[in-house]
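Each of the two complexes below includes subunit A, the first together with subunit B, the second together with subunit C.
Up next, the complex of A and B:
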């Protein structure tokens, strides 16, 4: 098969997406085949988002898809240890799991082992109970065209399932490595199922080893946090010039569960879109969504979040903070939907931004839809520069302008970094922030 | 050490300083008094380099260097320190980290290596005692939630840590109770030496009972209208400022 027989990727997306599915290895069992078939039809029906699509008003995704002549890449080539180490977090005692283009590299990983812990390739677990029950069941995924594209055409990803009453004793660090020789569109697909009374800390980060070819990842992660389970989930988006990303996380929570989500977007990746949806399918849950984005050059960072309060007595708290340098462009959407049944909901949301670049810019939109009457909801937005007073105070003590700015950015991000419960990760992030500001 | 010649400055188009002349030498303690709004804090701000002020006329020389051409941080590194009348709160910046950064930037400017953690801690302990600055305030965010008195003590603590040649204290006494006033004054007195100079801006005579000035200047309407010794402060305490203002108006109408 020579490449000129294949339609260019973008053209295939818009004209004949079925042709693409021939390039994707089929996964057992047959039920999955049907799900993928349906997703493909759904994608064809939805089409790619345009600026008229409500959820994509401030992000021209087509522009980024057309930016390079991508090819759909479903395979992985081995990656040297040094490339993986780029994502290492110093002093972090963890289980490290290496995925290359979504494919598990067991020999380069230290998988958590123990009774009740299942960790492996998605392709090898399509008959696992958690997979059968939960895979692609969230309706949020069915309505998002890029998620349907992932469902239809993903090659592999990571499957994690914790049986009831299991605790993983150390953080799990998933290193997503993306490699390609030509510009590639890569679609990992993951599912993490935390059954009753389980606890886990999972850190995701991504690296794209120095290369002239651009990798565009369209990844989807589904997580299930069952009754009384607790998940600490950190996503560290390390900046790489030759990387683009649409990162979709769809979480569902059940009674008395707790979900703590942290998203860190660091500079240099020209385009990042994070879709985060949390469906509260149970009562008495707690959800903390924390985001910190620091963007430079003409970086475009779009955080699109959706708190779906379906059941009563749930508490959600969302705090996203942005530091926009140069002519970076930020987008934040915070949708909160409180269903009629979801009485006694507490839902708070805050988005604060430091606009430090002369052409930096933020579009922030809270979207609150409340159909219950006994609820407490609030939202807030700020965008501003450093306080002149504070800058003068620091400088009057001999601290140069750049160091003063670094201190102020650290201070600005403090309430997010402080909430990171893994000390090595917290320290790593603080060092990263300081380095970014000192350059 | 510091020479101010015919200094004029304005803020938002409003003339505030209208021809200040002042000479400060090593080892001297100067007090500047004057009614509210006369321009005392403005003078301090201009010396420290606050950029909302525009100098329209005059010169300021510090150890032979043109102070007005320097950025605020350069002035600090050269040895000018301002204890603020209203210190700002900066949530998220720890007091300790802030001081370490400041101290090391000043040291780097002077070609000195950064202090080792142990030396820094030792210095911190020593200077904390000097102004009775509680050590649990050290790990907190800079001035955040500090009482008025704690903020002022923090200013003097920073002064002790950074050890500048010229210290300008803007109403450090306001907000301090009598015990705190005594502690802070003792601290300042211990920092006095033949190489340093102080400018104490105050409203009240009472601070000058603890810190004895060599010169007392009265600032009024952007000018120094009278200079004397510590007796002038006592006279002001008794008679207020009105007699001085009247004298001034008489002179001007002649």
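Up next, the complex of A and C:
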């Protein structure tokens, strides 16, 4: 933080967002200037979402933005290795990449190397072919006001590009560290481009070292999965009480590509909103969206997903499961849009919720919007409790009530965790879930 | 049961069969919407002061509102000032029996197959027929009166049972509920009124038949049904309109009140003129229907078969206020050509142990657009509430759309909510199976569709079920290539 004359952030957002842009270091003036300008205008036109905005009807974002006097933070300070180790996944053989407030810490990272693999800071790759072709090209980002805010004001992020026919041999683990001395609004921006015939496994997690200052991250990730490429993407959200997050992922898939997305939202972060859009720009694709949210206290977890079936012969499968403890609020919106051209679409979606806290609640909007006739689409929703029979069965075998509950939650989340293809991560998540339930 | 083959043969080349208009002397108010018109309507109907005031309150609310924007279709431009808000067959004097009804009018109802004539007593249905805005005849009044059941036109109820009307009017759908309800509150002309006293099981089906006839009119009727403790009533509603090139607005309000242990079953077979192949003309059916289960263990059940109207836009809802009360919604909505349906239900679980069940079957053909939009909300007091929702959509042809927009809100951890929705087309294997057995494709589709909607049609009283089935076949005629 360099300047003392910063406008109160919320006021600037609503009244004079242009003033904020002066605080952002310019990445590459020529290429980005117009994009940022346009995004700012778009943000001004859209404004912040309110409860009347259909996509935000159950999440009052303004409340969370007003909660603390945030300042826009575009720089990073070094972080001790111990803090980063907190996010380590035991026994995971991986390339670990450390980002502090979106800025790549090369000396603390092990970058994958090899022919055709490009991994580096966004700021250093604004002239890369993938960046020029794909940066901010997805129309879904243009209609989401927080994403336009990110486009206009982001400082840096991680750029990954795999040239055709490359494979990264080990999973890449990206540790997003958020650190600030005063309450800060931080906007990382990432772009991953998987060209033809490539495969990668990428795990994201975030750390906000114990501090009294609150960090609000508004991150945007764009991924491109070209022909025959396959991306395994895991996002582990395991924050602290002093962290809030709006996480936007916009993926696009081309012919015969496969995208496996996993989102784990674990307790403590008071506010998490995940926007996930997948645009199927090619045929014969496969998409698996998996989500597990376990929320406690007054946590508010909002998962907003959008499967955009543009081309024919695609297959999508979406499963989101939630466990809501204490006073937690869960929100799920799953929109499946099948365009008229997208014949032979197979789209499946399910959202199951366990309401365990006496004041927990869930708001769900599974939506099907279909303009093609030769399709099979379905969605399902349930909200309820443990079945009494199952509880009785376990208790009659000498298992205490809490242990029985933990066992049932473990079983409930099994559908998601078993699909995790990285054994160390799978084990780590199972341990985390057991620990949450045992406390 | 009527053989579905016969039906299809029967209606070959037949389009909207109720599209005739009746040339009858009408008493029309000048077009336009203002306080004077409201006062005129009120005066024509000889209404008490409180009702006029209520209308004016509705009008004041209406003026403050704007048309909603959230619906899944483009809102047509409706010039409310060019409509006539009062059109009635010219009355020469108070009618005492059917003999005195204009023969032209009776002929119209005969064409529609409405058993107005009491000689058709065998069919056992009491009918209140509403022609344009005015109730023209109510049958079986005497017989019902013996049991204490009040079944009459709304206007009559205002004159004869003002206390009941005053108590319940607007208690479920307030005058400021939404823009169409507010408009209705301001200008409603007539409708039906039903009161079932304590402990009475209404001995016959009650039925209203709505007919829009005059040009440039809107139909704004209001139905109020009150079922007192331990009573039971089954109510049917049917509608038709002549074929006209202009769109006509139908903005009705239906309010149901079920007291302790009472049960109301409300069935609708809606067949307003849907417009022609290119979407020209047709009725805008923007109706507010809501019931409240006030007493414990009461039950309200909505069944609707929607085949007509250019745009159908309604959400028959149930407020489950009493403990252990129950709400049901069964719906079949069919769209073809350029028809639009945005329909569904809202169920509010407020009381303990409340139950609801929603079965919605949508069928889209041609260039039709069909949306299910529904809300299931469970409040913090609604311990052990239970909901089951199933929405299925069937697509016939690749130019139609079918959408599902459910909203599910649960604030109670003991509640059990289930929702499922599917969309698909009729399987080629199913058609092949029937083809193999000598049933041609069109008949096969009719058969499959009949099976598909059976769960809903089973809820209708028998005479209506047959009619609804016939209607479905007609509607889908020609949509299979």
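Heads up, the rule we're going with is that the second predicted complex is superposed on the first by the 434 of 439 C-alpha atoms of A that agree within 3 Å, B and C clash if a C-alpha of one lies under 4 Å from a C-alpha of the other, contacts with A are read in each partner's own complex, and residues count from 1 in each chain.
The rule is short, and it goes like this: contacts are C-beta pairs under 8 Å (C-beta built on N, C-alpha and C of every residue); 3 or more make two chains touch, one makes a residue touch a chain.
This is a predicted model, so every value here is computed, not measured.
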Open item on the list: With the two structures overlaid on subunit A, would subunit B and subunit C clash, or do they fit side by side?
Closed with: fit
- [ ] Quick one: classify A:101 as touching subunit B (first), subunit C (second), both or neither.
- [x] neither
- [ ] Go through the superposed model and pick first if A:242 touches only subunit B, second if only subunit C, both, or neither.
- [x] neither
Open item on the list: After the superposition on A, what does A:396 contact: first (subunit B), second (subunit C), both or neither?
Closed with: first
TODO: Return first, second, both or neither, reflecting whether A:372 touches subunit B, subunit C, both chains, or no partner chain.
DONE: second
Open item on the list: According to the stated criteria, A:54 is in contact with first (subunit B), second (subunit C), both, or neither; which is it?
Closed with: second
Open item on the list: Looking at A:201, would you say it contacts subunit B, subunit C, both, or neither? Reply first, second, both or neither.
Closed with: neither
TODO: Could you say whether A:357 touches subunit B, subunit C, both of them, or neither, answering first, second, both or neither?
DONE: second
- [ ] Tell me which partner A:274 touches in the superposition: subunit B (first), subunit C (second), both or neither.
- [x] neither
Task: Contact breadth on subunit A, by residue count: subunit C or subunit B - done: C
Open item on the list: Can you work out, in whole Å, how close the C-alpha atoms of subunit B and subunit C get once everything is superposed?
Closed with: 15
Open item on the list: Can you tell me which positions in subunit A touch subunit B when the two form their complex?
Closed with: 387-390, 392-401, 403-404, 407-408, 410-415
Task: Complex contact set, residues of subunit B against subunit A - done: 48-52, 71-73, 75-77, 81-82, 84, 87-88, 90-93, 97-98, 101-103, 105-106, 109, 141, 158, 162
Task: Parts of subunit A lying in touch with subunit C, wherever the complex brings them together - done: 54, 340, 343, 353, 355-385
Open item on the list: Quick check on the complex: what are the subunit C residues that touch subunit A?
Closed with: 70, 380, 393, 395-425
